[in-house]
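Note that chain A is present in both complexes that follow, paired respectively with chain B and with chain C.
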Partner chain A sequence: MENTAATYRQCEIKNGEIFLNGKLIFEKKEVPFAKFIKGAYKHFELRYPKFHKMDRLCKLAFVTANLLLEDNQLKEYKPEEIAVVMSNSNSTLHTDSKHANSIKDKENYFPSPAVFVYTLPNIMVGEICIRYKIKGESVFFVSNEYDKEMLTEYSREMIDCGDAKICLCGWVDYTEANYYANLYLVK
Partner chain B sequence: MDELIEKLKVQIIKQLNLEDVEPDEIDADEMLFDADGELGLDSIDALELIVLLDKEYGIKIKNQEEGKQIFHSLKTMAEFILQHQD
Partner chain C sequence: MEFIVTAMEKAPVYIISDNIITSLGFGTQANIDKISDGQTGVQCHNDASIYPTPVWVSKITASNLSPAAAQLSSPEKYTKLEQIFLLSVAEALQQTSVDITSKDTLIIIASTKGNINLLGDPGNFSSDRVQLGTMAEQIQSYFKNPNKPLVVCNACISGVLALDVAKRLLRKNKYKNIIVTGGDLVTEFTVSGFQSFKAMSDAPCKPYDKNRSGINLGEGAGTMILSTEKPSSKNNIITIEGGASSNDANHISGPSRTGDGLFNAIRKALNDANCLSSEMDYLSMHGTATPYNDEMESKALGLADLLHVPMNSLKGYIGHTLGAAGIIESIVAVHSLKNNSLYSSLGFEEHGVTLPVNIITRNEKKQLQKCLKTASGFGGCNAAVVFAKQNIKSEQG
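After this line comes the complex of A and B, so read on.
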């Protein structure tokens, strides 16, 4: 992606690789996602105990956001001035399936709160907001395709209307077969 | 006791969905609910541990104060299980 006047700094994770502003900063290919993302967490010394409890979608969002926001990118802004605009296409399908499997047997019925809390995609937004003490507007869209133009325009509208001064924006999607994260800042 | 602690580590990793934590990374004496601890467990995880004791060991915990003592560490959990198993 080329940065425009409105968007700057982006982090992208796909196929065992992490790019910051287009530059490859971490690579761990040919390993399952769980090992890849833990490898990135350790490599960048992110140190956040709650990370271990997150589902895979949240881990993907958390690592992407941490790398995007490193070097104190939000320091000029009050918590209420920072908005989050995110989207994906598979919602929390991976964890939804896990939860469904845990309750399908009526004779062995032990639904797990630790799994259930991750059955809404906006928990990704929540985890990022808790980590960075963000208290501004937030929205999460589920759509077929990554419509970056729409997300960026939505963020610009929020800024133009005075609802925010900066937006953490983008796409984080996870399925067993594939994953892709692309977060960027709009201001 | 040591065998039970090792078994509990595996069960807790599974129950709490800690898929990237290895049993060796959990210290049996470490406070389970220390906010700055390695696992950083919270109230939802306390529910999970109550479910685990019920599901795996047939032990029900109803008293909140009792729970605090039982879930202090893996070691205290193991001691409680050994005391209450038939």
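After this line comes the complex of A and C, so read on.
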């Protein structure tokens, strides 16, 4: 399998650490996720006001994608030539619970569109597409395990048949108990 | 390079079987009969388990589902949505000789929220059943399929996109048969969410109408069995000729104002199918009946030079069935091609979008060869698929 850091540019976030192409570039352990991700956002000076409106899953995806795509990684490509193939296991469970809590009590019923919109995992893809003007093919898969081989192969085939020239690919999953992001580029 | 790509032979993808389960009935024919009669499954439900105040939705009643589910082995082991999936796949499978236990057969599931009704209150089921991957495993193991199912969870385009994913895998000869099934429920979770967006109509929805005021949610499942092997019948064989997806890169909860995103998906799907827009005989649109969506679609059709082509939305009959919508509506479109029948766009009275789209206002018999199915959803996503009828016997006989 040629699917290694040497072949693909990739960014990984787990346990309070951020790795770019396998190299540790940021560390903020022993703090809750919300503080960690905000810390990374500030440290790397990402400057994107919409970031603060995003749910935790989208914040995780957004920071990962930003670090992966910095230095204009997509500059040679037209918006329609860039595809996104992403996956996770918990879909939008954290925000689902938040929305469910807002409708639990009929006397105190307050569903919010700003929360509800984040109950779809492909919203992460949408946020990344808006930020990077990506207009090509995209798909979001949900599976209990991260099947990197399948995602890479699917992206590779999309490129082989001419439907894309580059593909942003990978996994972004968030629950209260655990989180993991791994995005990479397939060309 | 560009030339080689377009000239490459694409393996045909045959649609060999299908099934629809909605409030209108169990089975494709039952649904098409009701649609053909102009009947709707959308009703006003005054049910606090769906929403504190009455809402117009299309729901499958327990009195309809229970007797059907009794055919399943150990139905009590499955959630309502899983039962609907199992019944839909089982019935579609019965019409074929496809071996679902073979390594050559894959199941693809399209769903936006799966068993979301179990969140926080799983009842007799384990709490991980709310995971789409775990729900998919239930379906896989019921049918003893050896391959890990793929779950496409891509908002309102999930169904159409799942067909496009299947097309890719079949063209690559990864599988001989793919069972694509889409399903979602009407739950308080989704109803309250769409209500918070003020996107729900307080009456039967009216796609493309001047007085449209939003969607009706619906529930159900649709299953299409796709194969690389040509069916034995000589006539009325329908194929997936092409498909594509796109992103607006504009807004996460509103469609593009120009329609350029959907237009991109349509253009790429036609290109993939090696078709011109002038070859389209019918358009099965998403038509949710929200002011913005329907307007956006008309702009996209204008850009694609498809304004003159007869089109409809089926949301007036079965509501918006979310992850199931793209598959259910594709099945109806496929049967439109087979039966040379165009069905009226229920709820439409007065033209209400900027561009002069050609909305079907009464059922009509017409020779149909090719059609386009589209969908658009939250996250700025769009998808389009082209279906065609392969007539072996020439029209002249």
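Definition applied: the second predicted complex is superposed on the first by the 180 of 187 C-alpha atoms of A that agree within 3 Å, B and C clash if a C-alpha of one lies under 4 Å from a C-alpha of the other, contacts with A are read in each partner's own complex, and residues count from 1 in each chain.
The criterion applied here is as follows: a contact is a pair of C-beta atoms (placed from the backbone, for glycine too) under 8 Å apart; a residue touches a chain by one contact, two chains touch by 3 or more.
Nothing here was measured: the structure is a model prediction, and the numbers come from that model.
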Contacts of A:I159 with chain B and chain C, given as first, second, both or neither: neither
Touched partner set for A:S112, first chain B, second chain C, both or neither: both
Which of chain B and chain C A:A34 touches, first, second, both or neither: first
Touching partner for A:K133 - first (chain B), second (chain C), both, neither: second
Partner chain in contact with A:N122 - chain B first, chain C second, else both or neither: second
Per-residue contact with chain A, leading partner among chain C and chain B: C
Overlapping contact positions on chain A, where the chain C interface meets the chain B interface: 112-113, 117
Contact set on chain A toward chain B in their complex: 34-35, 37-38, 48-50, 52-53, 55, 110, 112-115, 117
Chain C-touching residues of chain A, taken from the complex the two chains share: 79-80, 84, 89-91, 93, 96-97, 99-100, 102-104, 106, 109, 111-113, 116-117, 119-123, 125-127, 129-130, 132-145, 147, 154, 157-158, 161-163
Touching residues on chain C, where the partner in the complex is chain A: 2, 5-6, 8, 48, 52, 112-114, 116, 119-120, 130-134, 136-137, 148, 150-155, 161, 165, 168, 171-172, 188-189, 192-197, 244-253, 261, 264, 268, 272, 377-381
Touching residues (chain side chain B, partner chain A) in the complex: 15-21, 36-42, 44-45, 47-48, 51, 55
